[in-house]
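What follows is chain A paired twice: with chain B in the first complex and chain C in the second.
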Partner chain A sequence: MALLGRACLLLALAVCVYGIGASLYGVRTGRSEWSESGRRAVYALAGILTVAFAVLEIAFLRDDFGFNTVAGTSSSTTPTFYKAAAVWSSQEGSLLLWAWLLSLWSSLVLFLTRRRLRDVAAYATAVLLGFGGFFVSLMVFYATPFATTSPAPADGVGLDPLLRHPSMMIHPPMLYSGYTLCTIPLAFGIGALLARRVDAEWIRATRRFAFAAWFFLGIGILLGARWSYAELGWGGYWGWDPVENASLMPWLTATAFLHSLMIQEKRGMLKMWNVSLVLATGTLAIMGTFLVRSGILSSIHAFGGATLGVPFVTLIAVLVAASIYLVVSRRDMLRTEHRLDSLLSRESIFLANNIVLVALCFVIFWGTYFPLISEAFTGQAASVGPPWFDRYTVPLALVLVLLSGIGPVIAWRRATLANARKNFVAPLLVAAATLIALIGAGIGAKPFAIAMFCCAAFVLGSVGQEFFRGVRARRAMAREPAPTALMALIRRNRRRYGGYIVHIGMATLFVGVAASSSFQHASELGLSRGQSTKVGAYTIRYVRPTATITPKDDRAHTGATLSLGAVLDVTKRGRHVATLRPSEGFYDSGDPSQGSVGHFIGGQAVSHVSMSAGVTRDVWTAIAPDISTPQLKRVIDIGNKTIPLVRPDEGLLAIAYMARAYLQNPPQAQFHFIVSPLVMWIWIGGFIGFAGGLIAIWPAPSTVRRRVAVRSSARAARSRLQRA
Partner chain B sequence: MSISIALATVVLLAVVVLVVSAPLRAAGRALDPESQEAGGRHAARESAADRAELETAREAKYREIRDAELDYRTGKLSREDYDAVDRALRAEAIEILDRLEAPEEDCPKPRAS
Partner chain C sequence: MNPARKRTVRLTVALSAAVVLASALIYTSFSAASPALSPSQLTHQAQPGRSYQVTGSVVAGSVHHDGSILDFSVEDRTGGTTVPVVYTGTVPDPFREGREVIVTVRKQGGRFLGERDSLITKCPSKYKTAPPAASSGGSGGPKSGY
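== the complex of A and B ==
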């Protein structure tokens, strides 16, 4: 099977090289059959990589430990659904996933544009196959997922315990879909520049893919944040980690592009800005992929291998140089023919929004790559922490949220001051009422959080007003009941109202972020059985210890040999609120030098968080049990001396004895308690935002009608326009 | 096992060659010296691309007209502003339609407005 996988990779590389040559030859000579052949090379690439991916997936599901990747990231005891996800937990498997997803999305866009954009699509085909060829080359020459060892080991190492979380099933595919989708507008942007066809048509053809990139990248980021919050023992959802930042940067530039492309579509303006944003988004997506694989910056999410740094740096350098050359050499045709009609127009607000988004991206870029920058200039790698990021990103986020409330109530092209004043009354009243309520409730000590709440209230006010007025107008025209009018309004203006829902979602998300980071109560302390502590308004009592051993009690499929934890009773003013069960899993190191018993718990120790989540607050707990007490150490020492390595069952008995000893006489354990308000609204806001994104991305029913209308005579359309 | 894998590889290779070379084989069968003339094909492609650009511009203009109407109905544009914007947009749309109707040789490059 590994042979078939390797053959697929070689064939895929050959197809990429051929497809690039055929597409370029076709477009340069005007022989469309060659361009068509190049396009079909992308379909073939998708087919070949599907076979390759299936080969690897089957190897994981069949526990074929002859594959080095399977032996390194799975084991016979790994639950089946984690085995399926373990494919992308390794460097090699994730490269294959990346290339496979790229080939699928590329096939889709090229199929949809097969009768349009002939020259642009031919160049884009070459660029997309260039990316495909790059990733396949990495798998052929640097990190093949089909490397084998003979004889095969009896069992594998198992999946990294930190990755045993349900979101790991979908987080990487979402993120990689986002990254690969970012390369599609990039490829078409380069194609448009090379073909010298920089009008809005290439934007129209790839707009949905840019939206899909934004959508998938956003879901991937949110799932990553959720994983961090629910799985990692530090209690946060965003730590300004380099890899987190790397995924956020292309998302920000994609967001900017999704706003500014409307100006090019409507007004033919911002051509240079849009193509630059698309090139930047694609390049940042590649940089994000590079960051995870290069090992140049330390991150909990990185693969750590440094072997892929040079090829990626070369690719990024080529991308940046080509982008700059193309934009500069085509600057005449990218020049806009129009100017803004009025500073008080939606175009101006979109421009301001773009500037803020790009500024945010620049700040994050600087903070993320600062260790490299400082090392280049001073010889020492100095990093910046969350307070540095917060200092710059918080004010920018405030302005961004405010703009997302202003945009919906300003008209395209021109708006008069009188109209603007009228439209701002209701949103400002909502914001003012929020401010008064917050001050009345005694929450005034956190100015940034208060400002964010007021800005979010302003957004809710302005978007709510838009929905209200839209429904009212619709009802006046069609005499429909309000719910029908609302549905019809959204259905007929999906981009506009889907976008407004995204604004509500993002405002909600920022409320969650502001509240949970500003009004959080946290405590780290040691507790013995029966002791209590106060965290915020909550009293938490350590009721009793818990201990479970694998595989008997491993209902959560943690894979830990031994899990030690606690039952905690959470009360508020004497009333029971929740019972929490945090634990810490101790994993097999597989290292015989730790002894026949010691190796069972000598590997990674992973915290399993327990929380009570609600719409008003989350009570989050983690535990770090102490297994270095003389009593527990004695069990391990005696077991190591008396039980031979070849008798693992007896070794596990010793672990069970140790668990019982822990239950009978639990030592003081270290606890981490966090009470955060409104965390739930981060996830709810994300859900609302992406639901709005889905509405906006969904093809409007009128598209079908318009396609029919295209065939009707332009003369008839002209007479309709003149009559109106 | 290795024979079946070799066979699978050969089958995959054959399928790939068939899929990728299909347009070339089809073009070879339908070879027409006059239609293969490079200059003619280039001009036809340019014309088709110009037309596609104009159709994109027309769709965008229609959307802009609808958006302006929605802006007016939701109170973001005064009657006077709406009338002025709508008049300008319809004039621009008619200009695009005129270009779409023009004979192909007279068809000027589309201009965003």
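== the complex of A and C ==
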């Protein structure tokens, strides 16, 4: 099996080299059969890497510990669900996932453009195969997923328990899909510049892929935030960690591009800006991948001891240099066809939105790479923390939300006073009513949060008004009931109304972020059985301890040997609200030096958070039980001395005895309680936003009809030709 | 004002604003940043009241909980100098003796007070397996992470 995997990688590398050569030869000599052959090389690459990925996935599912990657990140006791996800938890497996997804998305875009943009697509094929070749080379020369050990170890060390969360099954593939999709507009952008075809055609051909990149990257980021909130035991969803930031930066520039491309399509403006955004987004996606693998910045998500820095830095340097050269050398072709007519126009608002998004990206870039910048200039590495990021990103986010409310209703070219009165009175009234209601409710001490609520209300007002007017117009014309008119309105102009839904989702998400970060109550303290504490308006009482042993009884099904926790009763003004059961799972270390009993719980200890989530607030709880008491330590010490390593069943009995001792005489446990308002709206907002994104990506019925019509007329023409 | 001149004025204003904002960003990042030091550098360079980001391994036997207060010591990766830290706030799950941590601290007397919720534990490197004895390709063991 490993031999097949390695053969696939070598073949994939050969295919990449051939495909690059064929595409470039084809486009330079005008021999389209060679360009065609280059395109087919991408399909072949997808097929070969599918086989390679299947080989590795099967090795994980079959517990083939002869594969170093399987032995390092899986074990026979790792639940099957997580064995499947463990493929991309290692450096090598994640590189294979990256290359495989790249080949699939590249095949799709080249298939869809097979009859368009021949020159541009040929260059794009070479660029995409260049990326494919780069990642396959890393696997061939630096970190092969098919390295083996003989004889194979009896068992593996298991998947990091922190990664045993359902969202980890889909978070990395989503994020990597986003990253790889970012390279598609980049490849076509480079292709357009090389072929000197910088009209809007290449943008139209790859627009859906840019949207898909935004969509998948966004879902990946949101799932990562959800994992952080539900699994990491700190109660937060965003910590300005370098790896988190690395995924946010291309998402921000992709968002900017999705707005500014509309101006190029409609008015032939911002060509240079758009192509620069596309090149920046693709480069930032590669930098995000590099950050996790280089080990240059400290991140909880980075691969330990990663050594792929030099190849990645080389690739990024080549990308940046080539991008600058191409944009500068083609600057005459990228001149705008029109100029801004007025600062009060939709074009100007879109441009302002772009500037804010790029400014946000720059702030995050500066803060993320500041340790390297500081070391380069002062000789001393230094880092900035979350307060520094918040200082800049909070006001920029406020402006961004406000602009997302102005953009949909302001007129193209030049807004008049009458236009402003017609479109802005209702949204401003909604924002003013929100402000009065918030001040009336006594929520006035957090100005940024209040400003965000008002801006979000303004967005809901302006977008709601657009939907209302559209539905009213359709009802007047077609005499349809309101729900039918609404559905027809969205279906007829998916891109526009899908975009509006995205704006609603983002405003909702920001309301959740502002409320949960400004009005949170948190408490960390030790409690003994029967004791209680107040957190905000809630009283939380430690009712009794809990203990479960063996992976079979593990409620979270993550393979913990022992889980110790508590039953907590949550009340508000004497009324029962929820019963929560946080626990901490203790995992097998697989290290015999910890003793025949000690190794069962000597590995990672991971919080299993318990929360009562609601639309108004989340009550979030985590526990850190104390297993270092003399009584519990004694059980382990005696077990280690009396039970031989070869009798794991007896070792587990000792763990069961320890669990019973904990239940009978529970020591004081450390608890972390958080009451956060409106956290749920972050996930709801994200869901609304990405549903809107899906609507916007989905081909419009007219487009599908047009494609079918084109295909059928092409078929008819072909058959007529054959008959003739 | 003619359109060309108007555009020049607008561009100048926009560029000036960008330069001012970028300067503010650069200035605040250098003034708000915490120098990243190892425990041995910290013992020599730390000044009271200033915050530092210290990176080191948690010393075996140094971890003590006292209510919500966590006492531990960090040492250089290569061993040697140790620095005592008094910390309150969220303790990441992977925190344990021997593990590499990053924490922001301020000097107070002979001890270092950890800033609330600043403790970061690096991704566990325990998944780095011993180099295979008879490997048929590649070297070193895999590391975990996403």
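Definition applied: the second predicted complex is superposed on the first by the 701 of 724 C-alpha atoms of A that agree within 3 Å, B and C clash if a C-alpha of one lies under 4 Å from a C-alpha of the other, contacts with A are read in each partner's own complex, and residues count from 1 in each chain.
The criterion applied here is as follows: a contact is a pair of C-beta atoms (placed from the backbone, for glycine too) under 8 Å apart; a residue touches a chain by one contact, two chains touch by 3 or more.
This is a predicted model, so every value here is computed, not measured.
When both complexes are overlaid on chain A, chain B and chain C end up sitting side by side without clashing.
In the overlay built on the shared chain, the residue A:D588 is in contact with neither chain B nor chain C.
In the superposed pair of complexes, A:F146 makes contact with chain C only, with no contact to chain B. Shared-chain residue A:D119: touches chain B; no touch with chain C.
In the superposition on chain A, A:I410 makes contact with chain B only, not with chain C.
Contacts of A:M1 after superposition: chain B is touched, whereas chain C is not reached. In the superposition on chain A, contact is made by A:T73 with chain C only, not with chain B.
Rounded to the nearest 10, the angle at the Cα centre of chain A between the centres of chain B and chain C is 130 degrees. By the touch criterion defined above, A:A418 lies against chain B but remains apart from chain C after alignment on the C-alpha atoms of chain A. With both structures placed on the common chain, the touch criterion links A:D64 to neither chain B nor chain C.
Once both complexes are placed on a shared chain A, the shortest Cα to Cα gap between chain B and chain C comes to 15 Å.
Residues 3, 7, 21-22, 25-26, 28-30, 32-36, 53, 55, 65, 67-68, 88-94, 96, 102, 104, 117-118, 120-129, 132-146 of chain C are the ones touching chain A in the complex. Partner chain A is touched in their complex by these residues of chain B: 2, 5, 8-9, 12-13, 15-16, 19-24, 26-27, 38, 41-42, 45, 48-49, 52-53, 55-57, 59-60, 62-64, 66-68, 70-71, 73-78, 81, 85, 90, 93-94, 97-98, 100-101, 110-113.
Residues 1, 3-4, 7-8, 11, 15, 18-19, 22, 29-34, 36-37, 40-41, 43-44, 47-48, 51, 116-119, 197, 199-201, 204, 264-269, 337-338, 409-416, 418-419, 422-423, 466, 469-470, 473, 477, 493, 496, 706, 710, 714-715, 717-718, 721-722, 724 of chain A are the ones that touch chain B when the two sit in their complex.
Those residues of chain A lying in contact with chain C across their complex are 2, 6, 68-69, 71-73, 88-94, 143-144, 146-150, 157, 159-160, 162-163, 168, 171-172, 232-235, 292, 298-306, 339, 359, 362-363, 366-367, 370-371, 374, 378, 380-385, 387-388, 391-392, 524-526, 589, 603-607, 624, 626, 670, 672.
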